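Next come the structures, one after another.
In the two complexes that follow, subunit A is the common piece, with subunit B as its partner first and subunit C second.
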Partner chain A sequence: MINAYWQVVKTSAHEDAANAKRLIAGVSVSVIRIGLIAAIYGVAYRKLNHASLPYANAIWGIGIYFGLILNLGLRNVFKIVNHEVSTGMVEVGLIKPLDWRLTKVCQLIGKNGLEFLVGLVAIPCALYMFVGLPDTSHISIVVVLSFILLTILAIVAAASLFLTIGLSAFWLNDAKSVYRLTDKVVLIFGGGFVPIALLPGVVQSIIRYSPFGVYAAPTQLFNPAMVANLPATLISAVVWSVLLLVFCQFIWARVEKRIEVNGG
Partner chain B sequence: MKAIQATNISKVFQFKIHKGLKGFLQPQTKDIVAVDNISLSVEAGESVAFIGPNGAGKSTTIKMLTGILQPTNGEILVLGKRPLQERRELAMQIGTVFGQRSQLVFNLPLTDSFELTASMYQVPKIESAKRIKTLVQQFGLDEFISQPVRKLSLGQRMRAEVANALIHNPKIIFLDEPTIGLDIVAKRALREVIKDVNRTQGTTVFLTSHDVGDIEEICNRTMIINHGTVVLDAQTDQLKKDYLKTKTVAVVPAGDLPRQVEVAGVKAKPEAGRLIFAVDTARIELKTFIPKLFEQMEVADITIEDMPLEDIIHELYTKAAPEVDYDD
Partner chain C sequence: MANFFKNLKHDTHIYWLSLRTQFNASAALRGAFITQVVGMVLNNSALILAWLFMFGYFGNINGWSGYELIGLQGINMFIFGVVMLMSGGLSDDLSTRVDQGSFDNFLTKPVSVLSQVASSSVEVSAVGDLLMGLGIMIWYAAYAHASLAGTLLFLVVVFEGCILFWCFFLLLPGLLAFYLFDSDRLVRYLASLFLDTSMYPTGVLTGALRTVLLLVVPGLFMGAIQIDILRNLHWELVVVGAALSIFWLIVSLWLFKRSIRRYESSNLIGVR
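Now for the complex of A and B:
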């Protein structure tokens, strides 16, 4: 079965590879966005000195968030699911011998995979050009391995959360409003706009042990203060990823009983 | 061996009467009975037309048989499996084509779709290559096999959809309005290949359609459903004898449209510049009627059509319902 899902990824990548303009535009937007954030933070750092988080590290943290989490585009699984539910296309997926939800995730990975890989090279290059290298004195092999695990958990959690929001279209017909709200909350508390390290201590603690902490965790690689909290962050990320997966499965079980498709 | 066995299945959809805040405060629902306690049984290798007007319940039935929808009541066994509970196992043994929903990869050549399907159904590489080659030949796809799906005509795409659904050599193929929107040439080509698959490979065909031609040319058995109930289940040959005996002959006269015309005892009805003859072929065969018509008047154009399916269903529903003939 893994071969079948891999074929879905490959076919989706092949379908999107023809669209070179989209790839160039997508990576360019990411680089420009990071440039703008670097400029805004540059102004903020000149006025307020955040000794706990050096400027370059703050920008690298946000850059990694864009490069790893946003460019993979797993939140867009919502759009596919919402579209297929509202148009009735879901029935085509349900007659296949594969899990429909996982197929949609694989399609997205295939679709965004190339942009993700190009971004993995282009974004660090852009970050280096904009702000130079970050302070990496706190980074050890354990931190790197933990960071990789946290990134995988963030991907699982993002896929589960946005799939669940997409599935809510079975009740709402169109779940865009739920998506918009959740997406913005995740961006804000996931460190997409403001590095977590710059938020008040209480807010940081809440985020760390909330589902948002799972998304925020990959942005913390360049935050020297994260080392002390690493075990707790890892445990919290595992717990929330599992809970979101279980919740997605629970909603899916409810959906299966109430599927109504066009026609008849 | 039974390919499909459905016993007393019903599907009731619930709709909220009020929407928004009123719906929240007064959560009243209305039941719509899409399928009402039907039973059906299909033997392996049969080709069955499951027809009915819009909203009759035919697509809902197909969706219950394929495991997409959960029946409100009743039991279904398809190839011995319960469709909803064993959906993925069943999916490995059935093929499905929805005329209005494509299963092909839109921006890639057909070969990519076929390879993806083969992989999904775990067809070994060597076997899938052979199978794809056979289907390409059988369905006449070689001319456009390397074109992106989006560039195919509807007829080409539908042939490709059916071929795609057969890659894993399913035991049953469910076809939901496969000829919808096709021109007559494309319809004929598609009907031929479906018939061929049923005849040569013994694949059970379960087809819904609004087109009498699909039923006549592909299916040896016809079930008619209306308002969620099976109103007739008969051999297609028998149905043709009983219900398709009236042909509509529409004639455009070369000169002025006469007010009253009667040919071989059949009175014409003037309609939109044409004369419409409803010819009962049990009383007079077309091969006798047409020459008499040409003897009597000069004809600029002529078309011969079956009685519309809607009319047949209407006739069946109003006349034949008491004589329902269930096979099982």
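Now for the complex of A and C:
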């Protein structure tokens, strides 16, 4: 069965590879966006004598957000699900032997996979050119392993969250409004605009113990203060990922009872 | 010439009728409509809050404080709201229609193609942007103790901002669909790149990057310049904005006309 899903990923990846111009342009846009943020923060940091988070670390944190989270584009699973539900195409997917939701996630990973991998090389190179290397004195093997685990949990949580929002189209007909609301809030409190380490302490704690914390956790790799909060971040990320997964499953069970297949 | 004005009047009339129908259809589901508008207001508030945290950490940056940032976001929202309400059909639909071959529908009618595409759908959530943006703009003008001359120049630059936003966010990225297959994602990337240059507090930038954002990718005209004008009456920026908006409007319309010639009608084959 895993092989079947792997084939879905591979087929979608081939489709993406066929459009090299788009691939290059997509990565270039990500690099320019990071460059713009680096320039703005460069001006802001110039007047500070001492900052709790070094300039390079702040920009590398935002770079992780772009490289790992935005470029993988798991939030776009909502668009596919919403489209298929509102147009009725979902019926076709349900009669196939593969899980419809997992197939959509695999299609998306395959479609964005190549750009994601190219970004993983291009973005660190660009970050090095823009701001130099970050301070990595706090990074140990435990931190690296935790970072990998947190990234996997962020992927699971994002897929579950945006699938669930897409499934809400079964009741709303078009779940765009719910998506827009969630998407921007996730972007804001996920460290996409302002690094979590620069937020007030209370807000940082709220984010850590909220579902946004799972999203934001990988972006904190270069935040030296993160080490002290690592156990709490990990526990919170595991709990929220499981909860979001269970909730997605619960909504799916409700959806299955609601689906009416039309002949034709 | 008389014929041109007759056609313009006819096309404008059809455009407004189509837009009104689309808006009424979108607003018919009252619950969804209100959710979208309120959702957008909450969204925008969260965005402002995030940037305020940044200014809270750094204090004033190059003469910009949290107040200027709120003003910038307000102007940005207003321009976004106006343009998306009036040309929502260009946002995603153009590239999708060209890729899928359903652009044919617009070519067979005796009405301007551009006005048909622009009014083919309405982004109702933009009402939230427009209302919130308008409120913030009025508040900022009062906060900055804007003079009458400053307010008038400000309104002119907001209008210029709308034209530039329409060109750089909607039309120009969408035209890529005529040159590249499956351009949907790239169109979105380019549009959001322009949005970033206007949404981020780029007003704090100086030097070469500011010049680029002023003249090449004029994102500063989506809010930052308006703030400068309200504070210091930079009339020369109004002239630059006018020149840029006229230039880019002509280029965009010319490119659109040229790009349409590349469109090849196709039968839509869907594999599910």
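One rule holds in what follows: the second predicted complex is superposed on the first by the 255 of 264 C-alpha atoms of A that agree within 3 Å, B and C clash if a C-alpha of one lies under 4 Å from a C-alpha of the other, contacts with A are read in each partner's own complex, and residues count from 1 in each chain.
Keep this in mind: contacts are C-beta pairs under 8 Å (C-beta built on N, C-alpha and C of every residue); 3 or more make two chains touch, one makes a residue touch a chain.
Bear in mind the structure is a predicted one, so any value in this text is a computation, not a measurement.
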Partner chain(s) touched by A:K257 [first = subunit B, second = subunit C, both, neither]: first
Which of subunit B and subunit C A:L98 touches, first, second, both or neither: first
First, second, both or neither for A:Q7, with subunit B first and subunit C second: first
First, second, both or neither for A:I40, with subunit B first and subunit C second: second
Partner, of subunit C and subunit B, that touches more residues belonging to subunit A: C
First, second, both or neither for A:M89, with subunit B first and subunit C second: both
First (subunit B), second (subunit C), both or neither touched by A:G26: second
Touching partner for A:K176 - first (subunit B), second (subunit C), both, neither: second
Those residues of subunit A which subunit B touches in one complex and subunit C touches in the other: 89, 92
Interfacial residue positions of subunit A with respect to subunit B in the complex: 1, 3-4, 7-8, 11, 14-15, 18, 88-89, 91-92, 94-99, 256-257, 259-261, 263-264
Contact set on subunit B toward subunit A in their complex: 11, 13, 34, 55, 57-60, 63, 66-70, 84, 87-89, 91-92, 94, 96, 98, 100-103, 105-108, 112, 115-116, 119-122, 176
Residues on subunit C engaged by subunit A in the complex (per definition of touch): 29, 32, 35-36, 39-40, 42-43, 46-47, 49-51, 53-54, 56-59, 61-62, 125, 180-183, 185-186, 189-190, 192-193, 196-197, 200-202, 204-206, 209, 272
Subunit A - residues contacting subunit C, complex: 19, 21-22, 25-26, 29-30, 32-33, 36-37, 39-40, 43-45, 47-48, 89, 92-93, 172-174, 176-178, 180-181, 184-185, 188-189, 193-194, 198-200, 203
